[in-house]
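There are structures below to look over.
You will see chain A twice below: alongside chain B first, and alongside chain C after that.
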Partner chain A sequence: MTNNWMRRQQRLGYIFIGPSMIGVLLFFLIPAAYSLGLVFTDYKFMNPNVGFVGFDNINRMLHDKLFYLSLKNTVIFLLAVPVSLALGFVVAVILNQRIYLKKVLRALYFMPYITSGVAVSFVWMLLFQPKQGPINGFLRAIGIDHPPGWLSTTTSSMFAIDIIWIWFLMGYNMIIYLAALQEVSPELLEAAKIDGARPGQMLRKIIWPLVSPTSFLLLVTGMIMTIKTFGIIQATTQGGPGNSTTILSLYVYQNAFRYYEMGYASTISWALFIIILIITAIQWIGQKRWVHY
Partner chain B sequence: MLVLAIVMVMPFLWMISTSLKTPAEVFKYPIEWIPSNPTWEHHVKVWSGTKSFGTYYLNSLKISLIGTIGATFLSAFAAYGFSRIEFKGRNGLFMLYLSMMMIPPQVLFVPKFIMFEWAGIYNTHWALILPAMFTIFGVFMLRQFFLSIPHEISESAFIDGAGHFRIFFRLVLPLAKPALATLAIIDFSWHWNDYENALVFLIDENLYTIPLGLQNFILENMVDYNGMMAAASAAIIPMIVVFAIGQRYIIQGLTNSAVKG
Partner chain C sequence: MRKKGWLAGFVSLVLIASVMSGCSGGGSNGKAELSDAKAAGAVVKLKMWGGVPPEAGPQEVLDDWNKDHPEIQVEYVRYVNDDEGNLKLDTAIMTGQDVDLFVNYSASQATKRVTSGVAADLSTLTDYNIDEKMGPEAENWKIDGKFYGVPTTKSSYFVALNKDALDAANLPVPKDWTWEEMMEYAKKLKQGDGYGFIQNTEPFVDPIDSVLAKEGYTKADGTSNLDHPLVRKWLESLNVMMKNDATTAPLGEQLTSKMPVEQMFLSGEVPMLNIGAWLLRSSNNFTDYPRDFKIAFAPVPRLAEDAANHMTRGGLGDYISINAKSKHQQEAWEFLKWYADGGMSPMAAGGRLPASKDADQEAALKSMLGDKGDTYDQESLMYVMFDNKTPTYVRTVPQEVMDLRSQEYEKYFLDSQDIDTTMAEMVKRHNEYLKSNPQK
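So, the complex of A and B:
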């Protein structure tokens, strides 16, 4: 009887997760295995002669200057994550006080996060317009004679993308911090106040350590999300000027669907996966070590 | 705070105001926030030309709606299996499931492209709808919620002779309505804004979704700044409306899965 029941449970379990598992198999597992296989081929779109090339693609990647440039650009892109984190924290602390229009303010900060990345990319493209754009218009008005060229020069383009990305991510970080701040016990803060702690001290010594798990989580998930994105760059600069905004995810896309070098594109995509794996591993170890509960 | 919040929404305000200006007023400095002679002609152009945003809207709506309904239902189904039925290998399968979240979409683009081509769904809406039906985040989020439903509820139903299917449809789904709504709204916004997948899997212009249609419109009208901003408004405003209505759900869903996950 119990054995029968167990078997029924087992079967029902598979029935419930089955449809989802088939989807994961078809759209995640099989493609991932396929892609790993492509790393060792010279597969090009529409070319029926696929050859096994061993480690050639990996070798090529390790000697590809553009790969290293994309890696460097990816790192600069990632700088947006801690900056948006810090800003999100500050705004959350202020919004957590009893202030007017709290809900409206929260919504305004959060708005960029839910809007279409492509649409906002085009808006920023015009805002950043170097000669006549409103941002440089403002900078000239306050006395900066040679404002940056933003998306139009090789030195400033990646930082201009960072600004857009900080603007985009900040609201998300802010709402997650707000939720974390609400969990900080008011008694603790009250006690610290009685002991004579100043607001700055309370922030540094009590609130910041208490929300450190949240900071850590936002840092890691923000980095992974940032590494996977390329839409805003494809829409604004397509990696230019002169490859200065080509990040790894975009470089994969270009190799696959602009040059049809699908074997090579797969190789770079796995490099991307390895980076995500490393960040995730740091998260696993870090959770135990660095997070202050 | 209010000042900084206004800075945050300034790009949107500038977008809307520019879409109503004449070409000569676009880059006037100081910025004219309220155009002196507002005109709707750029918006009319976006909606009426040979490539109308109406088509893109219908395409996006179709893909996002079918994808979201499918994903919400299938996620709930799997989340029930992962949270309320005990079977061998459950935790291992769930870990495998979660680990799939680490795979960057770039790894999957090329093989999916080849597979879809082979299956004859490349350059059709199915290439976007079918994968959209499966969301690992959705299973994860709903599983969290289902775990919080007390076990006594299903136990008493078991005693009354109900099976898992009946408990799922009659008890758990109705209880999970807020969680389902949250997932549906978040999921919908992802599909509505999805650009990368559409970029890879669609070529025919009459199949384009809003992000692709917008890009197309803008690349063709690169000097028409007012038109660009009218088109961007068309792409953004529906999401702002959805957000205004479902704000509570979106924020709750994201914070629950981030803070307590």
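So, the complex of A and C:
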């Protein structure tokens, strides 16, 4: 009787998740398998002749200087994720206290996240203007004679992109952290205060560990989202100047939709998937040492 | 038991990463437009895809046709002539959406579509002789010896000049000038912190294509010719203009600010602009671009010392193909013939003159200049559009080669690498490309 009941419950459970699983299967797993097949072809969009090329695409990728350059740029881009996490946390802690204009400031910080990526890019291009932009105007005013070229030089362009991305992500991180901070028990803080803990100690020993599950969530999703995002880069620099802001996801896009080299683009996108998998696995394993539940 | 748990954990990890990757994806595009149901034997509807905004000519052209041909109605679909736009067009063609006619704006795009079999072969149609109508320059648009479209417009590239500034400096309007002479003009015309010469990014690289179209992109042994001495000359002289002379905009600055070069020219800020016929779309627009000076026109300056050794970009353009899968190819052909032989005259308002010898050139010129004829030096305009006999080429460079070149010269103009490294890298990357794409 118990077994029958459990089996019926299980069947019911499968029925409930069925539509979602069908969606994942149809729109994710099947296309993914198809793209894996493309890795071994020289398929070009609009070209009816498709040939099997074995490991040629993989060999080409492993010897492709642009692939490694894109990988390096992707790593630099990923640096924005922990920075935006830290800044988001700091702002959330501040806005969680009793201060003036709290609601207004929360809305202002969140605004970038819900703004169109193209609008964000356009505004930052104006801000980063080397000669007429307000940022360099300010830097010159405080005595820096040769401020950076930001998006217009190869050495500074990727860091300029990072600044935009940090600004973009910070608001979202702040909102999630604010929610997490509501779960920190005031009683713990009061007990710590009674025992003589200073605000810095309370932050480091109580608040930060208690929101570590949130940090983990934001870190994992931030990493994955950042590796896959290229819209802001496409809108500002199109991967330039030179190749200095071409990240892997943009490189996939260029090969697929600019050169129509679907086979090679699939190869790089699978490499990207493996990289995401490795990074996520590292984070997942690493969480045992710093995430508290 | 522990081993089993590990395997389940790993599979879960893969699924979690997959789902997270999937969930992070971008939004979906809008629905494809459903085609109208056609009543049997009634009105035929054609769709023409082009990159010119409808209000800059196409809509008026189609209104003219639709008024006189109630049995064949043509609708215009705009696509932006960039990566996304061309992808949209190609996807529409490949997925069988209603595309009856489409305009190709470069020979490399046309070649790609011909290779995939989506452009109808027009060489079998004998009631319209494209060579005869469009003249010898139509040859540049043959692909494997055949026409898969009709090149419909005269394609003019020129340097636009502020004639008042030239007169003030006692400089004649050039009809044949070298790169060095252009540099001299830029120095003499430069005022204060302004530039003497500025370039639209579309024809920016044309001076070296002028050389290589003549000399060949590959050497006799099949290797890259991107290390041609005149390529080096172009790189070095432009770098001098950007840095030491400050007579033209630094490339990094121009790219990142998406410098509005037409506006800078039309406001009188910069006296010389390297551009093409589409300038007229803006220069005829006195509402947004009021100006008080006359515009003169000069051919694009040449890098080669010897004029006999020179080709220039131009000839014909706006290569209109009929979709090989269209259900109404005959009607599309009727429209295309009409369009090419003068139906397209309203396009001249945007600088696109009909190429056909049977088109009414006077009407087109009237449409192009409107009531603004007095604001142009018409002698030099006629020269660059009609009378310049310099041999022309059409851009056939594949996008990959365009990109590898621009990536390397951008690094050079931004002082990220020196001239020798730049030349070596261009050659190396071009040779790598040639290895996997032997036809070019």
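The rule we apply is simple: the second predicted complex is superposed on the first by the 259 of 293 C-alpha atoms of A that agree within 3 Å, B and C clash if a C-alpha of one lies under 4 Å from a C-alpha of the other, contacts with A are read in each partner's own complex, and residues count from 1 in each chain.
The definition used in the following text is that a residue touches a chain if its C-beta (ideal position, glycine included) is under 8 Å from a C-beta of that chain, and two chains touch if they have at least 3 such contacts.
Every value quoted in this text rests on a predicted model; they were computed, and no experiment measured them.
S.K.: Could you say whether A:Val81 touches chain B, chain C, both of them, or neither, answering first, second, both or neither?
M.R.: The answer is neither, since A:Val81 touches no partner chain.
S.K.: Give one of first, second, both or neither to describe whether A:Val24 is in contact with chain B, with chain C, with both, or with none.
M.R.: A:Val24 contacts both chain B and chain C.
S.K.: What is the contact status of A:Leu101 with respect to chain B (first) and chain C (second): first, second, both, or neither?
M.R.: first
S.K.: Is A:Arg258 contacted by the first partner chain B, the second partner chain C, both or neither?
M.R.: In the superposition, A:Arg258 touches chain C alone.
S.K.: A:Leu219 contacts which: chain B (first), chain C (second), both, neither?
M.R.: Neither partner.
S.K.: In the three-chain superposition, say which chain, chain B or chain C, touches more residues of chain A.
M.R.: Result: the larger residue contact count on chain A belongs to B.
S.K.: A:Ile276 in the overlay: touching chain B, chain C, both, or neither? Say first, second, both or neither.
M.R.: It touches chain B and chain C both.
S.K.: May I ask you to decide whether A:Pro112 touches chain B, chain C, both, or neither, giving the answer as first, second, both or neither?
M.R.: first
S.K.: Where does A:Gly240 make contact in the superposed view: on chain B (first), on chain C (second), on both, or on neither?
M.R.: It touches chain C, and chain B stays clear.
S.K.: Per the contact definition in the header, classify A:Pro48: touching chain B only (first), chain C only (second), both, or neither.
M.R.: second
S.K.: Using the superposition described at the top, list the residues of chain A that contact chain B and also contact chain C.
M.R.: The overlap between the chain B and chain C interfaces on chain A comprises residues 24, 27-29, 32, 129, 221, 224, 228, 231, 257, 273, 276-277, 280.
S.K.: Residues of chain B touching chain A in their complex?
M.R.: Residues in contact with chain A: 1-2, 4-6, 8-9, 11-12, 14-15, 18, 26-27, 29-31, 74-75, 77-78, 80-82, 85-88, 90, 93, 97, 100, 102-115, 130-131, 133-134, 136, 139, 163-164, 168, 189, 192-193, 195-196, 199-200, 210-211, 214-215, 218, 225, 228-229, 231-232, 235-236, 239-240, 242-244, 247, 250-251, 254-255, 258-259.
S.K.: Could you list, by residue number, the parts of chain A that touch chain B in their complex?
M.R.: Residues in contact with chain B: 9-10, 12-17, 19-21, 23-24, 27-32, 34-35, 38, 91, 94-95, 99, 101, 105-112, 114-120, 122-124, 126-127, 129, 132-134, 137-138, 141, 167, 170-172, 175-176, 178-180, 183, 214, 217-218, 221, 224, 227-228, 230-231, 234-235, 249, 252-253, 256-257, 262, 265-266, 268-270, 272-273, 276-277, 280.
S.K.: Sort out for me which residues of chain A touch chain C in the complex.
M.R.: So the residues of chain A in touch with chain C come to 24, 27-29, 32, 45-48, 125, 128-131, 149-155, 220-221, 224-225, 228, 231, 236-237, 240-244, 254, 257-260, 273, 276-277, 280-281, 284.
S.K.: Going by the contact rule at the top, pick out the chain C residues touching chain A in the complex.
M.R.: Its residues touching chain A are 13-14, 16-22, 24-26, 83-84, 87, 90, 94, 112-113, 115-118, 250-253, 255-258, 399-400, 403, 406-408, 410-411, 414, 416.
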